[in-house]
Amino acid sequence: MSAAIELREIKKSFGNIPILRDINLSVAQGERHALIGPNGAGKSTTFNLISGYFAPTSGSVLLRGEVVSGLPPYQINRRGLSRSFQVTNVFANMSVWENLRCAVLWSTGQRYAFWKNIDNLPEVRERTAQILADIHLTKRRDVPAGLLTYAEQRALEIGITVAGGADVILLDEPTAGMSHAETERAVALIRRLTEGRTLLIVEHDMSVVFGLADRISVLVYGQIIASGTPEEIRGNPKVKEAYLGEEAA
Amino acid sequence: MVRPEKSGRTILLNASGAAMLELIVISTLNGILFGMLLFLMASGLTVIFSMLGVLNFAHASFYMLGAFFGFQISRWFGFWTALLIAPLLAGAIGVAVERFGLRPVHRNGHVAELLFTFGLAFVIEEIVQIIWGKSPVDFRIPSSLDFPAFTIFSTNYPAYKMFMLLVSIAIFAALLIVLKKTRIGLIVQAALTHPHMVAHLGHNVGRIFMLVFGVGTALAAVAGVIAGPALVTQSNMAGLLGPILFVVVVVGGLGSLPGAFVASLLIGLIQTFAVSMNGSLSGAFGPLSPAYASTWLADIWGVTIAQVAPIVPYVLLVLILIFRPMGLLGTRET
Amino acid sequence: MSEIATTVAPPLPTATEKLQFYGMWVTAAVVLVLLPHLFGSGGSLTTFSLIGISIIFSLSYNILLGQTGLLSFGHAVYYGLGGFLVIHAINIIGANKLPIPLPVIPLIGGLTGLFFGALLGWVSTQRSGTAFAMISLGVAELIASSALILRTFFGGEAGVSANRTKLFKIFGWSFGPQIQIYYLVAAWTLIAVIAMYALTRTPLGRMCNAVRDNPERVQFVGYNPHVVRYLAFCFSGFFAGIAGALAAINFEIANSAYLGAQQSGTVLFAAFIGGIGFFIGPIVGAIFVTILSLGLSDLTQVWQLYFGLIFIAVVLFAPGGITGLLMMHRPLLKAGTLPQVLPSYLFALVPTLAMIAGLVLAVETIVHYTVNPGDDSHIKAFGVPFDAASPSIWAISAVLLVGGFLVARKDWVRVREAWDKAASVEREKDVAA
Amino acid sequence: MRKLMMAASFALPLLGGGAMAQETLKIGYIDPLSGGGASIGEVGLKTFQFLADEVNAKGGIQGKKVEIVPLDNKTNPQESLIQAQKAIDSGVRYITQGNGSSVAGALSDFVTKYNERNPGKEVLFFNYAAVDPVLTNAKCSFWHFRWDANSDIKMEALTNYMKKTPSIKNVYLINQDYSFGESVRSAAKSMLAAKRPDIKIVGDELHPLLKITDFAPYIAKIKASGADTVVTGNWGQDFALLLKAAADAGLKVNWYTYYAGGTGGPTAIKQANLNHQVFAVAEGIPNLDNPPSQAFEKALRAKYDFSLFYPRAVNEMRMLAVAADKAKSVDPVKVASALEGMEFEVFNGGKGFMRKDDHQFFQPIYIASFGDRTEKEPFDEEKTGWGWRLVDKINAEDTVLPTTCKMERPS
């Protein structure tokens, strides 16, 4: 069985500045994988490459054994990969309900239909309602997304990401800027929503990382210096030196 | 074009070659002059459009205000005083417009700003009509510049056109120096390429915007004072200018003054050369068969390059936006 | 339907709500039928027809601007091409005596708009924002200039005319009299408005909104924003073509002015002034702008000045357009606190009107001296006669202008306070609930 | 109050309805009063108001006071049709218009259809300045009367003058790229070929309408062609900028024009310093040795700051009065019949007649040059100090051209 996500010899540079030097990474189906590393290591760039936001300078990205690098984001999304953003990225003028419904439409096969009444689509309605309940925003259903609190917007962000039913989920710092209590709730939410799916997560909060991940990869200066279970990473001297040491200092 | 003269036949060839050379030299000169006039009018817009992102549809109205202020002041104090005072007046109005009009509108988005300048253009035109009437006014070239500067192929080039050329280049140089060498210039330049960043640098963006708008409108007014006597100073001159200035800015590239300069020259030259050509499809492939003579195909067949010259800039605009959205020398996408 | 959908999802409309909804459209239809019986003069009918055309055109524009966030400077291209094709179609159909009656002709215009929208749209909609705006400007200039060069098709400066009465007749209607044209326009307006409303309630309509709000995010929920924009553009072209066709039928002539920048500018005005944030916004805007442009030039010589000032005022003080201004009051109405605000409006309105009157007085007097110096000084502005030569005019207008401004400024502050109070009551209720 | 009522009846249809009592004869003046064409439209409006005052001082037409109803069409054909409808609603039965053949074509078409569909409420359209020949040829209408010489007639007069002027050898044609420019150019080509086959057409240029800011490239072409004479129908900014560019480049040719007398034309000629090198073809000039027209000119200039651009408007108004007297009615159908074939002593002196076949008025046409004045030329233009000098007069019968009009008369 092929890996859910596989990066082969990925290089990416902007102009003459190399950001990713040589990335090889494999995330197995159903695995919860965390990508950690100091600021500027290239984590967001890696996400952007996987999700099709950029094309790699060289190397290839495979989704369940199929090369997807070079495809536009919507094509990759339709192949079952969905991502969230580090900076909240929702449809600000539309209500929470509409936000989630838009995320459901493609996967329910509505495509660009202009002959169907959107309120008369039971499947869309059902799945939107389910997600809305899952992210605990039922009371805020008709509020424009731009007016939600920060934590609510983050929850909506995750909701939009998983709503389409993609089985590979990429979350970019889902708990950034949250209080301790909010973080706990968010982690529980993530755990529940990604049940049975493949998860790749970028996170700075180590308690989140070590609590959630099955495996961890460490990215430093555009290279993966270590990959393994949380215990292996904890004990890895290179990681200690390059990453944890830096944290401590 | 120049060939060694060996026999009578080559002399004949040279005669037509000389005519060709004459056409090329004169068209190039005319093209440069026209291009520089365009740059004169568009320089202010480049600064405003690039930095504020405002599609200032009233830019041509400030150009017109400059012409009428120039006309009035030159009546009282002479042309040179007018060239100094009129832009200051127009710039002051520009500053007021930015402070009390555009700034409150800014938070409602670009469409609101654009409509504001739309409305402003109406108001300015009508005010000019109320004050100076609807007929053209007699705005003359100053007598100190009213003589032919030089003659090429028996065509005179008036000194005033040379003056226009010099002013354009001077403005270009001055703007470049201000942008590259002064502190405020560096901030403005940073804002041109990264409009969102400057606010984070702790600068008073409001004041900078006001200043930029004032300078932009003053530059439009300089163009007005200078072009007024050369063209027709009338209350419809703003409307007749049309959207050509936007073409210059976008083709040149947002945030790029050299880009606008190059685009002006390019458009000036293309248009002038197009005018000097009489070619058409019927000229190239012979007349259309009579069966099609009265259909719409005949129109396309018979159109000369000279006839379509004024459309060329818009073709250029569309092509540039499709294939090179940052413009010729631009640094960021439109 | 599962339990979760019934408890969590927005409730489906009840029978009464459905009745209300359909009743609204039926009422609109009845009003349209009755209108000519109340105002039957030729001028009124022409006005109504023009308003109907303008409504379709403005709504079609709002598919781009309001729904999809595309600012177009060249929407008249599709309107105009629809008009031209229809004029040619009427001539061809009339000459060959084809059994096609006039009422279906607007469809030809619509298909023309659709065709050119589909043709020019793919490149135009590759980008949004300023790039799209500039491409639309360039394309519009190209087509409008070509219209003057390609004389055989566009009829040159004079345009192409047709006779709408020479077509196959149904129900014995000749479509000569304006009343019949009015009913034709009214029917098409109703159909087009319903169709465009329905479009907003489809998956595509919702994705248009999503593309407007955040085209980047749309890509990560599986949609290609370019395709969404392109489809919106095609629909918008289709309805613009219908509007152009109706205009061509109404005037029985099509010329290059149909395609011009002015036509494109007017529709932008109408949509924005009405309010692009609401479906009915452009309808309100179309009515307002049509009446203004027809009526204002009769009231005053310098109508363009007032036209410009009105637009500046709307942009400055009512960024959501007329509809936005009215809709602001909906929460207050729901909370029942609207009556608290109304008195302060009255207080503010009086000095504001005084200020406007002073301004108008001053402007008209100045106009008298600069534009018509030789004429009688007893002039009228907006129907009110006064003597421009009397020195007291200056004093009166100055007092009105300055006094009105000072008082109005204070009163509007008070309006805001009253507003905030009323709105906070409403918010508290919301929280309590 | 009238204006308000009219606007109200239109804008707020509640107040509309019944037409007002007919104690006045209303003439709807549909021309641009705002926007780019306003400068010309306003002069026309004031001229007609001046003429209405003249008629009213003599007791009006058939005892009815003449009132000019100004209607702003913004030079837009659609807008003109709306204004015409509006005018008809307020009781107007005569409309007059001049600026733009596109507008005139639309109005003629509108009036014809309106009269066909509303028998008994006929409306007449008096055209005082739109010169597209098609309006009295292929698209002629019984309800349309034209007082201006159409562009072919003017070219007929001009070429009749050029026929007698041997110094003209090489002619360059430069015109605006729209129907009027096109008809000037084709008429010039065919008529010159017939009357002076020895004249060489060394250039034939169409340039875009009102879009050129720099005519230098065109002047370079004219210069290269070796032309001694330029014929142009240009007007407005296209005329002024053309002459300025010519003067800048030192081009020495004679200019034969249609609209050198238009607003801004004299100013441009003076600025370009082309003393008696610019000729215009027109149905009248102020500096004619004809005391009644000179007196009229003086009175007009005393009231307004412009000269009489439209002698044809005087003919139009005066002929309307005569026709109404002849028909003993102001009913448009009767007036139209009375106008057909009418002969009339025109404003500048000499015979003119309204041809029955196509409703085109024929009148003496003058060729005049613009420059410094002698005591024979009392009037200057646009405060330039220069004025028009008579060069030649072409009698009405020498300007007659055949028409292709197949007039459909009401039964």
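In order of appearance the chains are A, B, C and D, and numbering begins at 1 in each one.
Quick note on the criterion: a contact is a pair of C-beta atoms (placed from the backbone, for glycine too) under 8 Å apart; a residue touches a chain by one contact, two chains touch by 3 or more.
For clarity, every value in this text was computed on a predicted model and none was experimentally measured.
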item	value
Chain of greatest Cα-centre distance to subunit D	A
Central chain (distance from its CA mean to the mean of all protein CA atoms)	C
Inter-centroid spacing, subunit B versus subunit A (mean Cα positions, whole Å)	49
Separation of mean Cα positions, subunit D and subunit B [Å, integer]	35
Whole-Å gap separating subunit A and subunit D, where each centre is the average of the chain's CA atoms	74
Centroid distance [mean C-alpha coordinates] between subunit C and subunit A, Å	43
Residue list for subunit B, restricted to those that touch at least two other chains	129, 133, 242, 307, 310
Sites on subunit A at which at least two other chains make contact	none
Of all residues in subunit C, the ones touching two or more other chains	145, 149, 151, 304
Touching pairs - complete list by chain label	A-C, B-C, B-D, C-D
Complex interface listing, subunit D residues touching subunit C	1, 3-11, 13-14, 16-17, 33-35, 72, 76-78, 81-82, 85-86, 88-89, 100-102, 105-106, 109-110, 113, 116-117, 132, 134, 177-180, 182, 208-209, 303-304
Subunit C-facing residues of subunit B, complex	53, 55, 101, 104-105, 108, 110-112, 114-116, 118-123, 125-127, 129-131, 133, 242-243, 246-247, 250, 294-296, 298-300, 303, 307-308, 310-311, 314-315, 317-318, 321-322, 325, 333-334
Contact footprint of subunit A on subunit C as seen in their complex	1-2, 4-5, 7-10, 12, 198-199, 201-207, 209-210, 212-214, 216-224, 227-228, 231, 235
Residue ranges of subunit C in contact with subunit B within the complex	65, 71, 73, 123, 126-127, 129-131, 133-135, 137-139, 141-142, 145-146, 149-153, 261, 265, 268-269, 272, 276, 302, 304-305, 307-312, 315-316, 319, 363, 366-367, 370-371
Subunit B residues touching subunit D - in the complex, by the definition given at the top	19, 22-23, 26-27, 30-31, 33-34, 37, 129, 133-136, 138, 140, 148, 151, 154-158, 160-161, 230-232, 234-237, 239-242, 271-272, 275-276, 304, 306-307, 309-310
